[in-house]
Each structure stands twice: as C-alpha cells, then as structure tokens.
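The letters A, B, C and D name the chains in turn, as written, and every chain counts its residues from 1.
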C-alpha cells in the first residue's frame, strides 16, 4: 500500500496471505499497468542506474503518448533511446538531452516529433523531491535572469532574484536498485543512486528492478536508502544490460 | 573548508600538513568560537541524538543571548534544559516545548523571560533543509487555516491553501553522531539520526560529537549519512551522558 | 460514559479498519493503543515521525535502547524490514501523502472536518509537534476520542472553539459511543452502541447527526 | 594563440588557486584537466554533480566500473573518505553554497560577471545540465577558457550575446593570456603573459580591461 498501482503481485515463497509482498515475477508483469498518456520517471545518469530491463519491457508492452523524465535523452539504440525510437513518446523532460550518441532524440527533436522541456539539473531534482515531499512550490536562484526562467514568477529574497518552481510528479517511476526486500526497501550501488531515491518518492507507482532480492531484515535499517513506503513493486534483474557495452557493440532493441 | 568556523583544529596523529583534519581535541575547543547572539541548532528528539557533551561545554563557555533551535525545549536540569537554566537563551524555536519534565523552559516562558517560536515539526525540518539547500522559500499545506499561519503569505495551489515558509539557518549546529572520520563524514545510530543531517546542512559551522572516530575510508561511501562537506568539526565523546538516566537520578549541570 | 466502549475496545475497533500492508502513523496517547489490537498474521507498517518505519512493540526492560524511541519518546523495537531516516525525509512521507492513515486524538472535531487537538487557547505553552503535518498529509485522518469531555461537553461540534490543527481534515471519528464519518453533509453515524438511543447520542453531540441507512451496532470484544 | 599558455598550463595555473581542504566542482571538458595538477600532498575534495564527493583519478582500464562515473559520464575512482548521495542532496550542496569553487567553461563572459556557457541560441538542442545551479551556487565561479574563439572573436565582452547561464556570477577568468577578476569596475587583469603587450591583450578583449597595480606575469611550468 502507501501507493496503489492496481497490480496484483505474484507472491514470493517467503510470504503468506496478510503479509506484504511487493515482489513481482517479471519485468513484463511489473510494467503491465502503465497506461497511454502516463508520465514516467526513468532513473539513471550516464551509464549508471538505468533500469534498462524495465524500459525494454515497457517497449514490449506498447504503451504510447508517454511523457518521460530522465536527466538525459538516451544514447545509442537501447534503453531510453530505444523507447524514444518507437515514436510513442510525446514529450521529454530532462536537463541535458545532448551527447555524442543521443542520435534518436536529436533526430526526433529536429523533425519536430517530440516536445522538449529543458530543466536545470538541480531544479529537476528539487522539483521531483518537492512532488514527493508535499511541497507545492519553491523559490530557487537557479535560472533567474536566464531564458529558462521566462514566463515564470520571479521574486526577490534578500536582494537576489529567485524563480518559483513547481513540483514534478509522475504516474510511474522505473528505477534501478542494487538490493531490495519484499516490503520494498531499496539500496543502490555507487553512482547508480542518482535520481532513484527522489523518483520513488514522487511517483504514484514506483517500480524497482534490483540485482538481488534479500530476505526481509537483511538490509540493515540504517543502510536503507529508499524506505519501503516509497516503493510499490520490486522485480529481480540479476544481470542488467550494460548499455555502454551494448552501444559499443552497436546493439539495438528490440 | 566548505564552511569556515575560524577554529584552528588540533591535528590528529593520522594527518599531515596540507591534509584535511576536522578533528578537535575537546568539546571545549569545539565550542570556543560560538559568539553572543548566535543562533544554535541542537540535534535530538527525546532522549535520542542529544549532543549533551557539546551543550555542557557551551554552558561552561559562557556565551549569552543565544537563539536555540531544537524539536523540544529540554527536560530536567541537564543538556538543553541546563543551558536554558543559565538564562543565556533569548529565544527558543521548536515544535513541542511541552513535556512532563520541561520544567525549566515552562518556568522561563511563564515568567516572560524567553521568547518562543512554535513551528510545526515538519515545517521546522523543511525550513532547516531549505536553508541548507539554497531554497529561499517553499509552500506547504501544513498550518494553513490555523493560528500558526497568521501573518504569513497564503497561496492556493490546485484548490488547496498553502503557507509560504522561509529557510531557517544557524550560525552553529551541535549534533550527535555515531562515527566520523577526519574529513567530517558522519553516521548516526538508530533514531539518534533525527535532525542531525539537516542541521549540519544549514549551519555556518557544524560541530559533531561522535562516539567513535574512524580512519579515513572506514565508513563505506554508500553508508555515509552526512557527507564531509556539511561538517566543520568533529570531536570524540565515547561515552555520552544518558540524559534519561541523569534526569531519573535528579542530576543537574553544572 | 458507562454506556459505551472502553478505550481498549475503541482501539480494537480502529484496528479493524487498518488495511493489510498499509502505512500507519499512531498519534501520542490513546491512539498508541491501536497497535495492541492488530492480528499477528497481518502486516501493518507503523511510521514514527522521528524517522522510523517498521516500528515494533515495546521492548523488554532489559532491551530498552535510548536511541530507539517513538514520537511519544517511549522505547520501541524495530521489526525486520524497518528503516531509519532523517526528519526532513520523515515529514516528506507525512506531508507528501504517503501515510495511508493516521490516528490522532482531539479536543474538538467540527462537522466540516475541522480538527482542534494542539492548543486550548492562550493558557499553557503552545506545543504542536507533528500534528498539523499529519492532519494535512495523511490520506485518512482518523480521530480516536471520548465522545464527550470529562465535564460532559460535546467534542463533536458545529464549529471548533479551540485553535485549529487543520481545516476540513478529519475522515472518521471513533468514540466510545459511535463511529462517525465526516461527509459533505456533516456527521454521518455509521455505527453506534445499541444500548443508547440515537436521540441520546444526538444529545451528547454538539452538531447534527445523520444515521446512515446501513448503520451497524458498534460492538467490540 | 601561440602567444599564451597551453590548456595544460592554464589548468596548472587554476590548480594553484585551490585552497587546501576546499570542495571543488570541475565542469565537463577543459576544466577536468585541473585535477591533474594538484600536488599530491594536498587534499582537495572533488564533487561530482551526480552524487559523489571524494572523486579520484581515472581508473586503470581493468578497474573501470560503469556505476562509478563523473558528470562527464567518464569512469572515475573514489578516494578513501568519499561519499555517495542522491541528486537532490547533490544539488543542495551546489545551490546551498557549500561548494567552495567551481571551474566552468564559457562561450562568453561579460564585464559584469554574466556567464553564457550552455546555448548558442536557437540552433541545436538546448541542454543545460547542472551549469545554472553551479553558476548561482558555488562560492567562487572560476572560468577556464581560451581568450578568444577559434575565429579570433573575443569571449570577454561588454554584454553577452548568447543566452545567459547566470547573471553576475563569475569571479575570475583564467585564459591562455591572462587571469582576470570580475570587479564592480569591470575586468581587472591580475596576471598576463609577458610577451604580449597590454594593448594587444586589450585588442583581443571585447570590453575595457584595467591592469591591476600589483599585476604579475602569468607563467606556468
């Protein structure tokens, strides 16, 4: 509970009726209820923390008219870029949609086939957190006096201009974790943490793919990074794709 | 660096010239530069996470005209309550200044000898975080339509009234940690974490007393709770006072 | 109030309305009793405002840890699956709508859902704690209270005379005499103790009550 | 620009201005070179916007870890004392004024400190990343840039023609020809390469320069 996804979860061996079990059997099942028109958070920064298996399952599932939120806009022809390449994404919200291998997005953008909202990276992170934290708006000095503040409310605090920014929520978050348990507690590995924790806070339904599922209680309580309350579904993906290698090898999905 | 406290730190054995060493030799040295009129954060909630040794050192140091920020207003005649009892505190900012043993504060308050700002607990936490995060103001639904919102700007978002709240910064934070290293990385034990991490973010000079000082690198990077950048001084206090027992035993400080 | 349920029974009644797997915050005082009545074979995850999820029962005296306490500053335990976080994260959970239900005490509840539970006006030290955050943030705000004050004054009223904790926030009130929903039309009695005529329940209430068509007797073991 | 320093030398020069124990964020591209010139016996803590403090040098090829990368998406290492945190915390460090210095690249710097480094106008995909947060948040914003563009156009100007990253944010500009502070009176040359007459430096600059009374020759090993 905490949030409801409308997905009946496959019960793991460990749990019984009346017990919480957020573990689902497959990535396909995890993304089953994502709907046309949904806004979807996708964690990751560079090659770290991309929930590639969940994104590929979303491609297979066929939902369209999506709004995606990620720091970047995909590389090569796998993961996020492959999802963009299906033509089913209406809008991309990100901070840095440019890279040497951001071919798919750039083509769509220049062809006028995708909408882009460029958000400064810190503002993107803070807007997502605000949505998860019940904050209806906040004032940041970032972007004041620049074209990215155009049309936004400007307010001076202590002699310095600030921009009013609004929360950014999503219907679904797809994130990559390192370990998880059946309650939905998560840990992340190194720089794969990036947007995962705040995206789980701010989505109606947060779905984590994880390298390992541990028995309840095996994640020390002080080391939990995303507490169970922010997570709705957990699916094991023990050998996530290396997008970096896939791109180097010229792989494409599907 | 990161922040400067104007305190020359005693160098531990481990470090050399040119190396970072935030370890100071005693609580007395740690609080030496706190000045009359300073605003001081004090971590803790109930009996968990109180930096009692630092607070007692501050009593010995003699600074006056302080504004203190804590969730509560002290119990018995030790720690925060003992500091209030010196008469050197001008104002208390807290969420819950009432308890069966909050004698010192209640007497001062009813005698008109201390100013009180009551802040809803979540707003208190978020204002402190905002100060540390460079957010100049935020809108929260908490307290809208209640006496605690009087005089504040109210704004409607999506049909719901919100209150504009401003950041709450401090000159000094006194917090209790479990482990620390010479760079200033901190971990906390169980519910002693409470306000520590956000207070370290929002003070010009953050001082942590810690049960153990570990060699640099012994705190796994993914388990650091307060990263070094938020901490200025670390002092070992291996056997912190149990305020609970002290109060039961009728102890007083000094 | 010998006509009604004991506090233990009211706590039992509230426990029956907790959904499997839900995240619940129990306020300080009477609401803490609710934790005692949850069937062992069901998992409810308790949140404590001071940075804890997965709060377990009171420890044996020899297991008390001063650094593991609840919002009421009492020693607790941590269940497997529990997690620790700081205050800003804890109140993000509350204010951000992640808590499925909270159970709060009350001085007064108005028929429009206004809640007053933190201050009785100018006397005393004004202490609010996390009540205002819970009132606006929890998905369901449940109130556990005696139907009347010790002096016999109604706590369910047309308009609160005490300072508000939150306007229009209460979903359901559980008293020793009745279970009452706050609806756009005012107080709707869904359950009431059978030995008290509806007219008498109305007499002890400071606002108009409507009896639900499908009302049930309020009973508890 | 054979008159001036190489990029390696400019990076060396910037490294000399990094204070012991300071927290530094190096922008993508040229600024990354600065890390190569820090004396081994000094500790500077590098911050990477993607949630890392204590960034160490590039790993050996066999030690590359795809989940340990910097803002430029290149593999890095983590020094003892390093820490990992999420994006909202990382940008709290930046926006909250906790970073002592950042080194950024630039398209243009105006004499009032305006910085333009993210967009060359309507063509191309508008990508900003963390530049605007760094520009307003770091205590000192240092710019590392060639003094002129490849076409020989000045990058230090009276007013930026490109879209701003931040208004009035730059403290010091390090170019192949000079070290220039932004002051309330405009560009103040603190150091310049000796083989170039001041008049020639002025000719290559799009705004008025003042030579500091205590200026030094700009040299680097």
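The criterion applied here is as follows: contacts are C-beta pairs under 8 Å (C-beta built on N, C-alpha and C of every residue); 3 or more make two chains touch, one makes a residue touch a chain.
Quantities reported herein were computed from a predicted structural model and do not represent experimental measurements.
Engineer: Per the definition at the top, count C-beta pairs in contact and tell me whether A-C or B-C has more.
Structural biologist: B-C
Engineer: In whole angstrom, how far does the Cα centroid of chain B sit from the Cα centroid of chain D?
Structural biologist: About 35 Å, centre to centre.
Engineer: Could you tell me the distance, in whole angstrom, between the mean C-alpha positions of chain B and chain C?
Structural biologist: Centre-to-centre distance between chain B and chain C: 31 Å.
Engineer: Counting in whole Å, what is the centre-to-centre distance of chain C and chain D, each centre being its mean C-alpha position?
Structural biologist: Here the centre of chain D sits 56 Å away from the centre of chain C.
Engineer: For chain C, what residues touch not just one other chain but two or more?
Structural biologist: 78, 84-85, 88, 91, 94-95, 136-137, in rising order.
Engineer: Could you list which residues of chain A touch at least two other chains?
Structural biologist: 126, 129, 133-135, 140-141, 188-190, 193, 221-222, 225
Engineer: Which pairs of chains touch each other?
Structural biologist: A-B, A-C, A-D, B-C, B-D
Engineer: Help me check something: in the complex, which residues belonging to chain A touch chain D?
Structural biologist: Going through chain A, the ones touching chain D are 45-49, 71, 95-99, 102, 105-106, 109, 116, 118-126, 128-129, 140-148, 188-198, 225, 242, 244.
Engineer: How about chain B: which of its residues touch chain A in the complex?
Structural biologist: 126, 130, 133-141, 155, 157-158, 160, 162, 166, 187-190, 193, 221-223, 225
Engineer: Report the residues of chain D in contact with chain A in the complex, numbered from low to high.
Structural biologist: Within the complex, chain D contacts chain A at residues 48-52, 65-69, 73, 78, 84-88, 90-91, 94-95, 119, 124-133, 136-137, 163-167.
Engineer: Inside the complex, what are the residues of chain A that reach chain C?
Structural biologist: Its residues touching chain C are 1-3, 16-20, 129, 131-135, 181-183, 185, 201-202, 216-217, 221-222, 224, 227-230.
Engineer: Help me check something: in the complex, which residues belonging to chain C touch chain A?
Structural biologist: Result: residues 19-23, 39, 41-43, 45, 47, 53-54, 78-85, 88-89, 91-100, 136-137 of chain C touch chain A.
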